[in-house]
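You will see subunit A twice below: alongside subunit B first, and alongside subunit C after that.
Moving on, here comes the complex of A and B:
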């Protein structure tokens, strides 16, 4: 056992090999997590999609977690990462929108403004070594201008025509880079998103077959009820997988 | 996990270059944002116009870069309110150095090149490290492709030694178009061999008539 001086707040504590016990007041690691979010612009607005799983490490603990929520009139936010931190973020955002509404001045915060606000929150929490352990996707439309942006727990943020978090970056982005177009109709956009969601379902172990799609246009927001996709497991390799195996392997 | 080391930084890659001329300054950076072996987006600007005659390009950790640019822009606004004029490039150079050193023990992971025109209208380039050490030079490259680009600039721009007396100007005698062509060439070369550099090149030219922007497509692989 040795003493360790924390550079951050000057506290001294005992260090053991498993973990330090500097303070119980900061996020050390995520507990209940959501996996990927996919977002993309289409002709009339922006679509966000996610599954509804909340994993507790390798356990699929919660299967009806809404990871996409509405923020004000013009924005949708989807979160992956620690679910409780997402709930905290929703409290920040709801307060932001409330104060904005209380001005009652005919203006309302658009997705760009909400994204900027979130960027500053995430970056400042990172500076205090107490991050909100999330990767967020923000999509919205205001006065015909479509917006899609993302921010992660250390404050890295950017915008693009299509975005994803977590595994979605590896599995969904390549599909979107190949097949996304500026003028997708809603039906075409949903088909493209479902293609991505299916790949994630097959290949991401933390995803489940229960998805939620949300769209936002100048007319308004719709968060659709959860539904399942049709999967195919009839590949010959999956039938009798241990056929031909020698010994115990 | 949050207690140790380097989770709070990431290197989003990219390269920045600036070249000072007799009466112009070229500042250029690629627009690729990456993390590890992933490309996050192909169209993200690393360049920030701080003042009429001052342009900053930074590569490194995008969260810190954005915060740094916002910080400097805010300080410039305050300066304008207090002094009723724009900040000069050398003044911004000192401000940037002080801002970086202020966070000496939790640095901005940003590698900067500041370009612009000095008070006499001559091209002016300052190059920095992450904690604020800086120097006025005739040209500079920072970021993931800097080690590929700097030797080429050294070869082409033949800057006189800073040890010479009397002191010789470090700015290049090349014309504006020649300097821009050189920048395009070095970026095309860096894109070939540096995985973090590519997609698109943003070139900003500052001269007496103002700030001009130009783009060049780079390889996307």
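Moving on, here comes the complex of A and C:
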């Protein structure tokens, strides 16, 4: 029995030398996953935020996963879903940016172009029933124009002033819908993001208390080092958890 | 001296280090009827002489739109030009589809030049016998390029190709340094004047020429004959040539029907 790499879709499968036929494999379920990404535009540019957890099912297995990365000079990408597929996407995007830079001609791919390129890839994989199991947020600034878009494993894509993936859609977006403004300063934006991240920390069981914020403006990109938020667990309901059933496990 | 021995196929060098087949292809461009191009920072104009082989025939198309933001004028074997225009359209639309954004003009001309170069290095092919003036607008401004059968490309402020293009080039050489700040109208006028120079005394009418423009807020399109005739009339009414500075006013309105006259032209030497 040997492993064979299919040239068609990059899938690897067992080849039985007796039968010498290749069975195609495709993504059926994700293994190591990241949870929500939050993104929003603010006065000078765009902010993306996430935690740094890589879950293995229900186990919080990896605690220092960078889920927000830079793509070229004008774009940031944040990924939730299968981490290995995100790494594959980064390979595609780094190659794309490399070829773009090699032209060296004063033109460059902006966030809108990267978003569309990614959308083509995601939708194409979905049509082959072999998706890259991710929900991605792309944010960037080019020539003063702010851009924030999302694309996911089935190829659905759209832009907005604030976006989230996964649980963030249910927990963070409502907060953003009521409190987001066009002219937030960086400090105000971070406060708003932290409010959302805290809710996610309390209510999303796949999240951990280690967050990363990244911002992109016309001047450039900064991905800040990870840090933790202050949480409060002193609710009366949490005191004496086994009060009503002492002695049981 | 040795031209005839080394000119049979494109993959044979001459002792002097030349590829004669490629040079012969460039000769075909020189025989085609003239095309001119000029640009400012924000607009680019293309113009071409359109002479029909006979009064019974229609004109050869020499101006092609490749996308909203870029078009070409050709001189030489128009069939080759048509095929290359199709290639340009394909490249533009492929880029738009993947990136939802117009293909930068400089990258388009490199792809075109690479395609032309292939034909200079295969024994079973021949070089394209057409020169292309590519005019377009992208985020770095307006551009004008000339693509050669040799696979070379050059960027220009203004240029002319085809038969009797030297007269146009002489005119453009006197004026090009101000083109960056020229208004859209002045660019069109200078393009028409440059075309007129290639006609060597023959009267310029809107029937004889085609002009197209692309610029900020303006997709590539061919300007209609009536507007062209109005520009021509405006130029002939002023003394000698087109006015220098901002003749910002639009050409005088309705001179009812011009054109129709002045077809005392013989057809140009075969526009191959």
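Here are some notes:
Keep in mind that, in the parts below, the second predicted complex is superposed on the first by the 219 of 249 C-alpha atoms of A that agree within 3 Å, B and C clash if a C-alpha of one lies under 4 Å from a C-alpha of the other, contacts with A are read in each partner's own complex, and residues count from 1 in each chain.
Following the convention adopted for this analysis, contacts are C-beta pairs under 8 Å (C-beta built on N, C-alpha and C of every residue); 3 or more make two chains touch, one makes a residue touch a chain.
Note that this is a predicted model, so its numbers are computed, not measured.
In the superposed model, B is the one of subunit B and subunit C that contacts more residues of subunit A.
Once the two complexes are laid over each other on the shared chain, residue contacts for A:109 go to subunit C alone; subunit B is not touched.
Touch criterion met: A:117 reaches subunit C, while subunit B stays clear of it. When the shared chain is aligned, subunit B comes close enough to touch A:169, but subunit C does not. In the superposition on chain A, no contact is made by A:186 with either subunit B or subunit C.
In the superposed model, A:143 lies in contact with subunit C only, and not with subunit B.
Once the two complexes are overlaid on the shared chain, A:27 sits against subunit B while remaining clear of subunit C. In the overlay built on the shared chain, the residue A:155 is in contact with subunit B alone; subunit C does not reach it.
Touched by subunit B in one complex and by subunit C in the other is not one residue of subunit A. Within the complex formed with subunit B, the residues of subunit A that make contact are 7, 19-20, 22, 26-29, 119, 123, 126-127, 129-131, 154-160, 169-170. Against subunit A, in their complex, subunit C makes its touches with residues 97-101, 104, 106-107, 138-140.
The part of subunit B that touches subunit A in the complex is made up of residues 1-3, 7-10, 12, 33, 35, 38, 40-41, 43-44, 61-64, 66-67, 105-106. Looking at the complex, you find that subunit A touches subunit C at residues 103, 105-107, 109-110, 112-113, 116-117, 120, 143.
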